[in-house]
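The same subunit A turns up in both complexes below, where it pairs with subunit B and then with subunit C.
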Partner chain A sequence: MELSINNVTRQYGNKIAVDNFSATLTSGVYGLLGANGAGKTTLMRLVCDILKPSAGEITYGGVNVTELGEDYRDLLGYLPQQFGYYPDFSAYDYMMYLASLKGLDHSAARKKTLELLETIGLLNEKKNKIKTFSGGMRQRLGIAQAMLNDPKILVLDEPTAGLDPKERVNFRNLISSFSQDRIIILSTHIVSDVEYIADEIMMMKSGQLLSRGNAQSIIKTVEHSVWEVTVSAEAAEKINAKFIISNLKHSDDYVTLRIVAENKPHEQAVNVRPNLEDLYLYYFQEVEPNDNINQIRVD
Partner chain B sequence: MITLIKYELTKLFRRRTTKVLLIASFALCLILLVGSLLTFEITDSNMNIRRGMSAIEYDRTTQKQFAGEYSTKEATALLAKIEAVNNNPQYKRTENQPANNPSPLTDEAYYKYLKKYDPVWTIINYQQAFPELITEVERGDLFQIYQQKAKSLDDMKNIPAPDPNNPVAQKLTAMYKNVKIPFHIDYIEGWNKLIYGFSQILALLISAIVIICLSPMFSDEYSTGAAAILLTTKHGKNKLIKAKIAAAFAFNTSVFLIFALLYTAFYGLTYGFSGAASNIQTSADFLISPYNLTMSELFLRVLGIGYLGLMCLTAITLFISSKSRNAYTALIPLAAILFLPLIDFSGISKVLQKILLLFPIHVMRVSEIYPMANFYNIFGLLFDQASMAIIISVLLIIVFVPLSYRAFKSYQEQG
Partner chain C sequence: MNKGDISRIKTTLLEYKIASPRDEDRLKTIELAQAALERRKSVGTPLSSLFTTQAKYMSKFLWVTQILAIIFTVMTSDGFSTINEIQGLIFTVVPILTFYAVPEVMKAKIYGMSEVEAVCKNSPAKIMIIKLIIIGTVNIGAILAITLFLSSKFDVRFIELLVYGLIPFNIMNIMNLLVLDVLKLKSPFAFLSTSLVTTLLLHLTRIYFDIAQHVWNGLFFVSAILLIFELYRLVITMRERQELLIWN
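After this line comes the complex of A and B, so read on.
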């Protein structure tokens, strides 16, 4: 089981959304990290064969996924960023409809639908119309539909958007228990989700693969670029204007800043262990004044 | 596959627009039908005005007296009888006597003795003149034909000089010679209203229902983002599209049948079905029609060709839906395709007008096709409007259904 993305480029007019992207994915959970417009969603659409590459190809088991057609889609589960549903369908009807599209016979569809609805905590809501659901409930339903056919390749675009912390924990557990012998690709802005679930992280910038590896190894690349310093509020403002601030804490007249910078940002700054958020900021946030400096106060 | 079709129909019928439109249309038709019944009035032989069912009953009983076929001899005898009434000095009104009838008789005499002959008198006159019409057409003189088709005086300006070798004249001659004479006369008011009423409601209302309800068929999947999920499922790029197309045709067939049944049942129960075997030439709209059809045969053509027109419109709707990003942008070109051909462009271009007559709205208005034959010369072969409507509709269905299939299948999720 090997999904290969070979020198894939996707252009929209003059704009290059995915630029000569190559990666080979075997079973495991892959977290796609990148700023807005980095090309994550486009890449996922390409993987799902609902968007054709301008150049390059995507193969599964050595065969182009478009050629595999129905056989490839049979292995696929997809949750797009904008989850399109039918407001007047009940959760049960919606799942049964997609199950029939995924080729499940009626009894298997029913069994799987009830099982998944229970897993995502919507069993008691199965007869209710989707339009009555909250954003989180809809998102859970979206995740469930993607898993109906026990997909070998599961592609989840922003799956945790709209989920509360408890639902996010449930989601992580669900993905962990599901990930055996499957390729799971997920993108999220919530860095901690990726940190917990992903076996491997792929960093994307301007449509290109920036780096790839497990959380620890990838974090290592910014090992000497994260600093902490406690300064006066006045000095903090100056630092904030010059550097990327990943965190700040106010206490009395002092502010403790966590700074992402190549060089020591302040003579009293000390090197600290980086985390994935620092890494994210290191790669994706340009230096700009941080408005949060006057908003976050921990006394 | 059946399951998928059921789901597509469920999606369609659960839409609020569909529900509201179907209920409103059905109610509107009922109001129109009942309204036309209640406002139908006739003055009886005693000069009393009858309305509604009483008027229909009176009209039917009166006209039924003249049902049958009239040989030339019988027709001449009947015309003589009518002439005798017309010329009866006892019934004549004086110069200064006020009257409210088109004859030279007093109102009492007209309503009592003459009015009942009006419909049969017209038919018999046309029947008697039919051989003469055939001779004229055979000579290549198409004056009467052009007169029948003319919508304005301008249309009468370019009548070709009589020419027996004119292929249109030859074709018409063959058609006229095929018309069964003597005409079978009967009470046909029910068929008349059914044929005209259903043709109009099909072209103006059912067609609108179809484009409004079916325009979201594919486009809504794009605009709601559902397409991204559907197209990544096993059957999303094959069976699903077939199911959508099948559901669309099942929907239009159901709507067509419901309204056809409503109209047939209504006119059957009120006016009755007598006159099924009457020539269409016994109806005021078809007096010199070259088609050898009975009223029931014409109604079957209204159903058949009208249904084909609706199928064609469905195929076009599906295609435009598959190419539009939402139902509203699909509706604009669809409304234009449906209703723009109703504008008379013959003043600008006769060819354009003839082409527009093959658009779905004219195909569905079958009652407008048969009063006179309208020919299309295709590489030297003459096809009448009905045949062309069938050929073009079938071709458009054959072209647009696979194009819709392909468009949805190759949809690329962008933006």
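After this line comes the complex of A and C, so read on.
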């Protein structure tokens, strides 16, 4: 089955949040990468049919998702960027309540709830109120609720926000094991998450699809735009003011800079292999002095 | 058919050669079966199950206020004798009944669950209608119990008392819906404050209790139409998914 986003535009007054976006998604994990305000959350809400497009349409199996209605929502799992909970709910109540809204009968809901709570490591906390949970625990619970109905389309908006490194690794493994024969769309600011999980990356800027492909192919677009140079602290300050710095490393009196620039930024700069972070900076960061440079000692 | 016939048929069938299907035909059959499986008509959730789940997860304060209001009526009505005193009691007790009505119906919006609930199979509009039916039935049931008790105790026409009871019910719900809809306030304290102020105002209106019965009837119809209109608007906007509370 195919999920097709056909020339979708969503406007809020004069502001265009999603601008003529088109993509066809088949089973696989898609990482949506973009800066704040790029339109990722709006796109996800459109995919979930929470928002209606101002123009264009989203279809699943050739049928408009709004027309599919309940049948479409039956296939859908969604983790919003921010989500609430009823204050008197325990983790178990929360899952059982949402399972009932998702149409699961009581015994199936109970089985799935316990199974998912165990997967996310909250089985021992199932009777505890959610208000006593840490941010990471709540986020894990949010991920679990999205998977309650074994969705064919799983939409996760910033799923790794608030998770510690160990929880992030567990999340990646969970998604990998869940991804077969499903469409998983996730957005994140944590570039490494996308790099590890996503089969395909969709770069989004100003509501438009900038580029799309697997990590290797997409990184290729900045192949000749990443440089490294080791210079004095004084020269480093000058370079920092002019170029996008993706990394800097201090060693004695010298600083090694990783620079993202179209043209050679310094006569001693050498071209290096780009990574996804360089790509992100290339597309999304305007030149602005890196604060860390202030820590450079100028003798 | 004797044993020999059966044995002959078996032998014929076993010897019958069927040509193996072509690989492409086999694949096509699998694809068609897969497509048929994916097109399967999903089974709807039984309404009874939705009603019981929604009732189960409703705030216990909603049930407690109903019981308290009825107990309060029974315990305080002993000292009353005039119709104005009975009206005063109704105008105090009925608003208490409705304290948790709107906050409970709009709970998803108040606690930021709208977005998660919006993508569930059973739509927010359907769930809201179920909540309205449950809470409306519980509230009106309690009002009926109170007015039935008072009309039998004081020998006042039941319908007359019911009209007195339904007016504050309508007004309280309209006020809470307006707080949510017009002022866009979603804190439980905003609803509680609105309920308390409205209760107080309704209680103070006892000075106007001498108005003619047909004016009461008129008030009831106007407030009922306003409430129905506000509820209709709420369900329609929710059905169109324009009213979801979405952060940022």
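Observations on the structure shown:
Definition applied: the second predicted complex is superposed on the first by the 293 of 299 C-alpha atoms of A that agree within 3 Å, B and C clash if a C-alpha of one lies under 4 Å from a C-alpha of the other, contacts with A are read in each partner's own complex, and residues count from 1 in each chain.
Just so it is clear, contacts are C-beta pairs under 8 Å (C-beta built on N, C-alpha and C of every residue); 3 or more make two chains touch, one makes a residue touch a chain.
For clarity, every value in this text was computed on a predicted model and none was experimentally measured.
Under the clash rule set out above, the superposition-derived model of subunit A with subunit B and subunit C contains a clash between the two partners. By the touch criterion defined above, A:G61 reaches subunit C but does not reach subunit B. Of the two partner chains placed by superposition, only subunit B is touched by A:Y12; subunit C is not. Within the superposed three-chain model, A:L76 lies in touch with subunit B and with subunit C [touch as defined at top].
By the touch criterion defined above, A:Y86 reaches both subunit B and subunit C.
Using the contact criterion defined above for the overlaid structures, shared-chain residue A:E115 touches neither subunit B nor subunit C, since it reaches no partner. The intersection of subunit A residues touching subunit B with those touching subunit C, taken from the two complexes, comprises 45, 48-52, 69-70, 73-74, 76-78, 80, 82-86, 88, 93, 97-98, 100-103, 106, 145, 149. Within the complex, the subunit A residues that touch subunit C are 1, 41, 45, 48-52, 61, 69-71, 73-74, 76-78, 80-88, 93, 97-98, 100-103, 105-106, 142, 145, 149. Within the complex formed with subunit A, the subunit C residues making contact are 38-39, 41-45, 49-50, 53, 57, 59, 107, 111-113, 115-123, 127, 241, 244, 246-248. Interface residues of subunit A, counted against subunit B in their complex, comprise 12, 45, 48-52, 69-70, 73-74, 76-80, 82-86, 88-89, 93, 97-98, 100-103, 106, 145, 149. Residue ranges on subunit B touching subunit A, taken from their complex, read 3-4, 7, 10-11, 14-15, 221, 224-240, 411-414.
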